[in-house]
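The letters A, B, C, D, E and F name the chains in turn, as written, and every chain counts its residues from 1.
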Amino acid sequence: MDIRTPAFQRLLEIWLDEDLGRGDLSANALQAEAKSAYWVAKEAGVFCGGIFAEAIFKRLDNEVNVKHLIKDGEKFDQNQKLLEIHGPGKALVAGERIALNIAMHLSGVATTTHLLASELKGSGVHLADTRKTTPGLRMLEKYAVKCGGGINHRLGLDDAAMLKENHIAWAENIDQAVLAIKESAPWPARIIVEAETAEQAEQAIKAGADGILLDEMSPALLHSLVPRLRALARTRVEITGANTVVIEASGVSPVHLKDYAKTGVDLISTSAPITKSSWIDLSMRFL
Amino acid sequence: MDIRTPAFQRLLEIWLDEDLGRGDLSANALQAEAKSAYWVAKEAGVFCGGIFAEAIFKRLDNEVNVKHLIKDGEKFDQNQKLLEIHGPGKALVAGERIALNIAMHLSGVATTTHLLASELKGSGVHLADTRKTTPGLRMLEKYAVKCGGGINHRLGLDDAAMLKENHIAWAENIDQAVLAIKESAPWPARIIVEAETAEQAEQAIKAGADGILLDEMSPALLHSLVPRLRALARTRVEITGANTVVIEASGVSPVHLKDYAKTGVDLISTSAPITKSSWIDLSMRFL
Amino acid sequence: MDIRTPAFQRLLEIWLDEDLGRGDLSANALQAEAKSAYWVAKEAGVFCGGIFAEAIFKRLDNEVNVKHLIKDGEKFDQNQKLLEIHGPGKALVAGERIALNIAMHLSGVATTTHLLASELKGSGVHLADTRKTTPGLRMLEKYAVKCGGGINHRLGLDDAAMLKENHIAWAENIDQAVLAIKESAPWPARIIVEAETAEQAEQAIKAGADGILLDEMSPALLHSLVPRLRALARTRVEITGANTVVIEASGVSPVHLKDYAKTGVDLISTSAPITKSSWIDLSMRFL
Amino acid sequence: MDIRTPAFQRLLEIWLDEDLGRGDLSANALQAEAKSAYWVAKEAGVFCGGIFAEAIFKRLDNEVNVKHLIKDGEKFDQNQKLLEIHGPGKALVAGERIALNIAMHLSGVATTTHLLASELKGSGVHLADTRKTTPGLRMLEKYAVKCGGGINHRLGLDDAAMLKENHIAWAENIDQAVLAIKESAPWPARIIVEAETAEQAEQAIKAGADGILLDEMSPALLHSLVPRLRALARTRVEITGANTVVIEASGVSPVHLKDYAKTGVDLISTSAPITKSSWIDLSMRFL
Amino acid sequence: MDIRTPAFQRLLEIWLDEDLGRGDLSANALQAEAKSAYWVAKEAGVFCGGIFAEAIFKRLDNEVNVKHLIKDGEKFDQNQKLLEIHGPGKALVAGERIALNIAMHLSGVATTTHLLASELKGSGVHLADTRKTTPGLRMLEKYAVKCGGGINHRLGLDDAAMLKENHIAWAENIDQAVLAIKESAPWPARIIVEAETAEQAEQAIKAGADGILLDEMSPALLHSLVPRLRALARTRVEITGANTVVIEASGVSPVHLKDYAKTGVDLISTSAPITKSSWIDLSMRFL
Amino acid sequence: MDIRTPAFQRLLEIWLDEDLGRGDLSANALQAEAKSAYWVAKEAGVFCGGIFAEAIFKRLDNEVNVKHLIKDGEKFDQNQKLLEIHGPGKALVAGERIALNIAMHLSGVATTTHLLASELKGSGVHLADTRKTTPGLRMLEKYAVKCGGGINHRLGLDDAAMLKENHIAWAENIDQAVLAIKESAPWPARIIVEAETAEQAEQAIKAGADGILLDEMSPALLHSLVPRLRALARTRVEITGANTVVIEASGVSPVHLKDYAKTGVDLISTSAPITKSSWIDLSMRFL
């Protein structure tokens, strides 16, 4: 996660604006001194958010120092200390809630991802995220998914083309839809086709898609379809330039992950780490 | 929720920036026509987000029309249609994910709030939110809490003063902390003291606090403490100008809400609708 | 005044943009060296603006050091030195006018406030500001009012609800208007009713208003009305939760302040420190 | 005044942000209908601000219509109607204060300017503004000065070069300072030298300055000096390319304007319309 | 090119800010009426910029209508009319220079691209752009390259990973560098390795790179190397999942394009359309 | 060039946003250490862009140090080292392309300016730029023109008024157009009239224009016209306040510069350094 981007700097200002508003009433009224504090976990999980906490506190006061006792992506136990903070009291008090909110949410995402990814361990199948992310937090939640052991799918509408029902209808058929993207998009952009039937998947492969998303298909169906699609891909090298295809299953309930892991797909994409996770409870204690 | 604010307009740009990035690859490649679509619920819940969906689609193309079949704050059943959208196809496709993401998340918050608030029905006790909100979505999540039947607590650090351990330490004691805020804050700003013990609660009332937050106290303790605090408040009218106080319990597990509802507190504040809710599954279907 | 807010940072950029435009022509043409300078008052007054001056100079060049010889809110005499500045000459020259403009204006507001507040000294009545503030400078002018010994009224339309003629008409009557706000606004938000007649004031109190603004009433009328309203408030504790009300007079000419101070109101709100003050003349002298 | 500029659009957002904050509490709580209203003057003056009022209301709701009964720069009497507004009630209520604040302040500036400029009527001497303007409102106040019959001096540090004590010291002398600007600045940029003595004024003219600012000199001194400077300018045509110079007096008390009007200067620059004016009282009445 | 993005909207404001500054002096001084105008080419070329011209004029005044006589990407002759504009005169005058500047520059890029791409016609080799683009105009120049018949390479540092000398050194070798990206980047992100020698190119293919950039190699060397690399790629299907690789030549002088077109590479990437093109002369004529 | 302006700070963010997007994929994947690098010229030219390069690298990481071996505006030879950079590797790698792009483009502008200005050497005629500049880079390209030995014309529509065909038509004639500007614009604003015929030029001078732009006239015509215009200007001192006028030729092909240099004009304005220059090839080499 690259916090140097203007996009992240804009977010940081949004967060402060939202909580500080016209200014912290208590900071305006009271004299404060330098304080030390630490973060402690009230339940176990996978940490995510230390780098953002540091950015928040330092934006409030450049004198704040943050010492990371655990890195983003590492596991922690209940009662474990996660980071130490030292600096002007007003910055610590003003940044506490914002920093905890982001880290509690993201650690929830990372922890849920970790649980789901564990189901796929050893299968060679990756758990990937989707574009179902909390508006404003896409990049942070995708970072949390990586912290939890998942991989990232495309970051936005400009990052890879995913052709769905409407796109195909506009282009009249899959062949022409794929062709239109190839002619228009930057060459490194992947083309993924969302297939609702085996026939669509086959057409997409013949058309030269880089990835096939198989939505809401049963493990049994995938079991027979996936090898067929891979074989079909191997035949296309002369025509379309690649004999492989990335096959992705979506619409998979977390409880069936293990069944899908055996179907030979490359990825299982799921929004569950974002849409179905709870925040991990963290606390900031002042010394 | 007032979407005319510059703060909301900034958010809207953040959301589009995040998903569109350098531009929708498929919109650039394909010709699209006008389309109609509708939203349908894949599970029952309380709706929240229709006004934001409309703002998102109209920002993408002013020609889009949104017809609300259900208002924010209303309940819906599984398979119920929620809104209809008609307009240029590229706007519908580009806005679909962002609009659904915000509505699915907020409807999750509203639905969870509704469930929790139902526990308090008839008790006269209100369910209130906290500042534990997703960074960037504070005002929207607080709107969702209202849609679900809860009430809003302070909106930010500038909206009411909540005196915690550190503030009290800086001012040396509760009396001086409350006094400092009274002298510095705008007169309409409420002063709330977070009390960890019965003694602190009593000192806060004597000092003239408008609200007392009683954190992590048992129903039994509250049962005896609340009437004592109310009686104490009634004695203070000559000195501090009000003989009432708003008493709030926090740190309450959702499963114990009914027990706390009988303790005589005014509010139970909880972040559960935000930190422990799942998204409600909604789908956009094109005609 | 909390200069860490994004709102203040945006203001600072607006100010620099306005004066620097495409860049200081003389700074581009000349070589400058480090300089020392000080600010001196050309007339007596109450100071306000030192913290903004420092922010302006440091934004131009982080090497600038500002030494405050007097704090915001303190009185100064003619010819008194107010602050010392040392740093790169181009930053001092580029920031001089912006910093003086803000401090001269705000010191004018603080000084006028001080004069008016002195009229109320010993009466227990507070001088409060209003929302009649210079667009873009609301928070700074409210800070200046506090520097001059006044108190702040609500900061904006989101900070407390003030029900006026239109709002009451939309809700049909005062009772329903107050009720609508109570159900919609965050609980700490105060509800103030602007009453044009004694009857309206009484209705507002019965409806549970936290504050009553009595506009353009004579001292004689207030003299009899205020005790009646306070008595009425004492009767409402069972129904509405508070037996006190904040009573505010507005539309008071500065020359009649002392008359109004004896009417028993809590506040006299006036925009005079902003709408009728002159700038205090300050000068920056280079050593 | 060009309200199409991004600079004005940014200002407009700052104003709304400041007053609406997280949203108008009463607009969120109440249902409103379309309303008509008008502005009326509670005292006579010169109007300024109608174009900004319209921009404010239309930003809040594009359905609002504003009818200008009087143009910016025209005089009005007490009780005269100034503009009519019709549109959604929530937009009228939310924009009322912001729009009136800007128009009351700017009409104060225009009215004071008009009074001062009247002193110079028939003399051929222009009243000009300075860079002593309220931070954030420079262009609007300069527009108000024009509405009142004054003329605008340079708009910012990038718009013309004014050489003061420090600049001259850095360049070692006036000659070299003027030369450095000529070599560095765009050719249309004027060079003005602030002269504290007659000698400096003469050096500046010899160096080729376009304008001379004579600060805090008596009418008597100016009376003899101005013709001397003009004669000197006539001699320089071969060397510096122009035989005229704009001569400006500053540091002139408003009470002495008429004396200075006879000294032969071209301009008298004064910040009085901004630093010493009161707001003109205007009121918005709903029908 | 997707002009709905916040990124494009920010650019548009930058352009207007730059030219309008504090406002168009002539628009402020003069009364204008509605005008019609058209654009005419003073030399032949490939057009690019019509969609931006329309956005610029409509941002200045929503009443402006633009009729496109030729689409972006189409060729035009000297003296051909390109578009017609009708609307308020002040908008036409204020937008003329900005709109022409962007279209003249981009048409220059499109025309140069077209000339270079023509050299490759029939060869099956694509002409691609690079990240050497004018700061602030990346997406527009890449759009112009497509208008001229080229294809786009990666859009930024986040869009595909290109491993150069430093990256390889940090990871110790090509294998580990490719692996690190595969583990960290979103799965659709391509990995391209810049190879300075044939050995590096072979290592990169073995490591699983999606693309190989061969910098500053002679046609003769490429002639023998490219088939070798393709053969190597075909062997890797079991290990790395793809038996094809995109081979790109860079550092190619425009005069040698035809020689490189016969080497069997897929792409020749060049910054020449941006770094070495002149603007196409277009003129706006008022009727 | 004043990089302290908010306008430049906004540009810097635009540049980073454009290239970093959602974050540098390689920086996220790899561990980097501190690096040293230098810039070297691959061809000779006039340097421009060192101050921007430093700003770019320091924005990415405040730890970066840049040592300027040559100043903006100085000439360099092929293979000459231009600057040295030391700092965190990720900042060097992320900033390299942006910094080089801006410096290569601007050095191209400076170098072309230098070549053209050399044609005028000794003639006393200045080479000036125009408003034909790359959108977003106006101030930087004008800085580059100065680095190359040219001078800057007006910076934008607010900086001087240039009256063209439309303006004159709106005002009915040149006299009234000039008068309208004089009454409306700040006094230091110059008024320039674009004359298409000798008659228009004479009318403009009589009307009091500060500058005359003579577009697309032959050297022969100018040879006779310029002295006539100067003589006419000398006659106007009593009426309009200045007996000089700045005479500018435009529409001059670079190949005829020397012919125009002898016509007696003050300036030759040309967009050639921007519209017809190529980038200078610079390279960043890591140690």
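Criterion: a contact is a pair of C-beta atoms (placed from the backbone, for glycine too) under 8 Å apart; a residue touches a chain by one contact, two chains touch by 3 or more.
None of the values given here were measured: they were computed from a predicted structure.
Undergrad: From the C-alpha centres, identify the chain that is farthest from chain D.
TA: Computed centres place A farthest from chain D.
Undergrad: Looking at C-E and C-F, which pair shares more C-beta contacts?
TA: Greater number of contacting C-beta pairs: C-F.
Undergrad: Of the pairs given as A-D, A-E or A-F, which one copies B-D, with over half of its contacts the same by residue number?
TA: Most of the B-D contacts reappear at A-F.
Undergrad: If I list every residue number at the interface of chain A and chain F, are over half of them used by both copies, so same, or under half, so different?
TA: Here the answer is different, because the shared fraction of interface numbers falls below one half.
Undergrad: So how far apart, in whole Å, are chain A and chain C when each is placed at the average of its C-alpha atoms?
TA: Their C-alpha centroids are separated by 45 Å.
Undergrad: Give, as an integer number of Å, the spacing between the C-alpha centres of chain B and chain A.
TA: 25
Undergrad: At which residue positions does chain B touch at least two other chains?
TA: Within chain B, residues 2, 7, 14, 17, 20-24, 27-28, 94, 139, 155-156, 158-160, 184-185, 189 contact more than one other chain.
Undergrad: Which word fits the touch map of the chains here: line, ring, star, complete or other?
TA: Graph shape here is complete: every pair of chains touches.
Undergrad: Looking at the complex, which residues from chain E come into contact with chain C?
TA: Of all residues in chain E, those touching chain C are 21-22.
Undergrad: For chain A, which residues are in contact with chain B within the complex?
TA: Residues 7, 10-11, 14-15, 17-33, 35, 89, 92-94, 97-98, 100-102, 104-105, 108, 131-139, 155-163, 165-167, 170-171, 177, 180-181, 183-185, 189, 271, 274-276, 278-279, 286 of chain A touch chain B in their complex.
Undergrad: Over in the complex, which chain E residues touch chain B? Could you list them?
TA: Interface residues on the chain E side: 1-2, 4-7, 9, 139, 155-156.
Undergrad: Mind pulling up the chain E residues that touch chain D in the complex?
TA: My answer: residues 13-14, 16-17, 20-24, 27-28, 60-61, 91, 94.
Undergrad: For the complex, give me every residue of chain A touching chain E.
TA: 2, 126, 128, 142, 146, 151-155, 158-160, 184-190, 192, 210-211, 234, 237, 241-244, 246, 267
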